[in-house]
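So that you can tell them apart, the chains are marked A, B and C in the order they are listed, and the count of residues begins at 1 in each.
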């Protein structure tokens, strides 16, 4: 084969691979939809998601506890993570001396590489007992420690890296001229950061939060290991809860032996796919716009 | 008799290893327009930006010498930099509106310097936009983002914004070089009006502009102060041959 | 002015506090896991597979999981690379700035955010469809799917930055696009490729949700692609779930092994990129 035909063949193969990568998500969504259609056929969406009774053997599939479980632990994680990440990102982008950045940034990278089972393990070893023996009694509650609070804390730490790294990059794209304008008017560094940098970087920061939210929403193992997995919507931070990913992970073994169970669990997977894909696209489009404007 | 407002004594500025400004000693007269002229890259902008210590923001800059404003050295240890910058308004070469509405751009300065009364802020905004000659064009749309203005309008916005903090001096870095001729003329006219109340220093590499506006001229070449004096004198009877050569367009 | 300085000092304090919390949690995770797990760590843990009664506290180790994870991660990384490289080269060298390239990048970014459990569920559906059983092969396929978007985008970020004059020089000498892509651009991007590969390998070793449904679990080292395979994350998970203290201790030890492996990969990634940067044109 001469050079030119090699080039052509290779480019066709590469194109194939590239097209495949764009189609994967649709293929996955389709497959999940196919397998979850039986259960979608038996009940309406509002019945499925607003009823709380989850008894697969009796054919009852009320997803409500899991939706609330996932939302509450993800929500708590975001409430904990957002202020910490915003302040850290500002510090790293605007205030930290080069040496400090050089140490802290790799450490944050390292945080993002830790497997979720290890976070779960850590949660079981430290966070759960801490809540059981110190936090709950202090708040006047009793709990085994396996709770929404435990899940929220562990999940917050897991999303620190993504929110901080994306935000920090966005802050650094704010051009020098705009900062200079603020300084020339006699503003302090903090005033410049507060009124000018953060304002300019706001869309990018929101995108970072959305990415963090998506990551937290889909997190499986760590949450499974520390939330207690009780199929009842939690009424307090100290109650145990059950998230959608944990539901799938815990019960895949019995999926095939109970009618409609596989359909239900795969519906849960489909929901995860759709919600996360939606938010990811939103966040990425915002980030693309931010990048384009700063060029 | 020209009273000095800013006294520069033996000012040396280094950027990394480059000696950008060498032993500059000169007085800037009060309530006059002083032009900093010279070929590109000779330190004019650096000199301008040292006067309000914006040079502090750049890594690798070392400054020695004194700059006295009304007798106080701006490089003294106990000095509050934000106060200095309030006194010295700066207008950059490329308009740099803040990411806010037109109104907020002007209001930003007064607000951070402690003006709480919103009525007063409103007055200041209107007054400064008038002084910059922009009021009539924007009074109906003060809440629109400043980025929607044309480049010429943005530069006048920056002028209004600088006036809003009630500075004593206006430092202008090639304020019209990015503008169309009509906007440029507008700015020049405003500067001529403003000099009754403010000491104005502007950098330009367009000699005709310097001739039009300047009362006093400082000529910098390769970081050194070659000559300075009243505009009339420097332009018609320069004492230094290099000044003469530059003015006649031999180089630069 | 004092009030403004005070406000700045206050927020600076909060910023330092926040950053310390972030760094502190990292240290806390390492400290707690290592402190609890190191005592249970022994040579036999690393070199033996579980013998009879292992799960009741008797002898053995998790060699099955260590080797299993290594096989799986290597297979997935290799397969993922075979998929990633053509894609990255295509969107950089052939499609350039077209909308197709931007769309592909967007799709990859979306795939990057999909949790591994969804990939596991999807692969499970395919396995049911073709009648396959949980095995090393399917574990590899699932992790490949999970990992290739990460690898592709990581390499892409680096390749995007290589200067155009490099390609210009190559084309000026009469090379085809393929030759430029493979011989010049890839070499320039080598540090980035290496980092991406190590990153993917780390994800492959550490992820549990994707292999939970697809790779099975076993006490022995797999002999073929069709055998089920044990993985380190699942070893931690399953051992933790037993009521027997000795086995739980072993779970902690397995956690340490996993953590140390990830740490080593991270360090290796930083060190090796430095070595390979020699030939890169800035």
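Following the convention adopted for this analysis, a residue touches a chain if its C-beta (ideal position, glycine included) is under 8 Å from a C-beta of that chain, and two chains touch if they have at least 3 such contacts.
Everything numeric in this text was worked out from a predicted model, so none of it was measured.
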Chain centres computed over CA atoms; the one at greatest distance from chain C is chain B
One chain pair leads in contact pairs, namely A-C
Chain A to chain B, mean C-alpha position gap in Å, rounds to 49
Distance in whole angstrom between the CA centres of chain A and chain C is 17
Rounded to the nearest Å, the gap separating the Cα centres of chain B and chain C is 55
Among all residues of chain C, those touching at least two other chains are 4
Residues in chain A with touches to at least two other chains are numbered 188, 191
Where chain B touches two or more other chains simultaneously, the residues are 82-83, 112
Counting only contacts in the complex, chain C reaches chain A at residues 4-5, 7-8, 11-12, 14-19, 21-23, 25-26, 28-29, 32-33, 36, 83, 86-87, 89-91, 94-95, 100, 102-104, 106-119, 121-122, 124-126, 128, 145, 148-149, 152, 176-179, 199, 202-203, 205-209, 212-213, 233-234, 236-237, 240, 251-252, 255, 258-259, 262-263, 265-266, 270
Counting only contacts in the complex, chain B reaches chain A at residues 52, 54, 57, 82-86, 89-90, 92, 94, 96-100, 108-109, 112-113, 158, 161-162, 165
Per the touch rule above, chain A residues touching chain C in the complex are 3-4, 6-7, 10-11, 13-15, 17-18, 20-22, 24-25, 28, 31-32, 34-35, 83-88, 90-92, 95-96, 104, 106-111, 113-122, 124-126, 157, 160, 164, 188-191, 194, 211, 214-215, 217-221, 225, 245, 248-249, 252, 256, 265-266, 269, 272-273, 276-277, 279-281, 284-285, 288
Per the touch rule above, chain A residues touching chain B in the complex are 177-188, 191, 195-196, 199-200
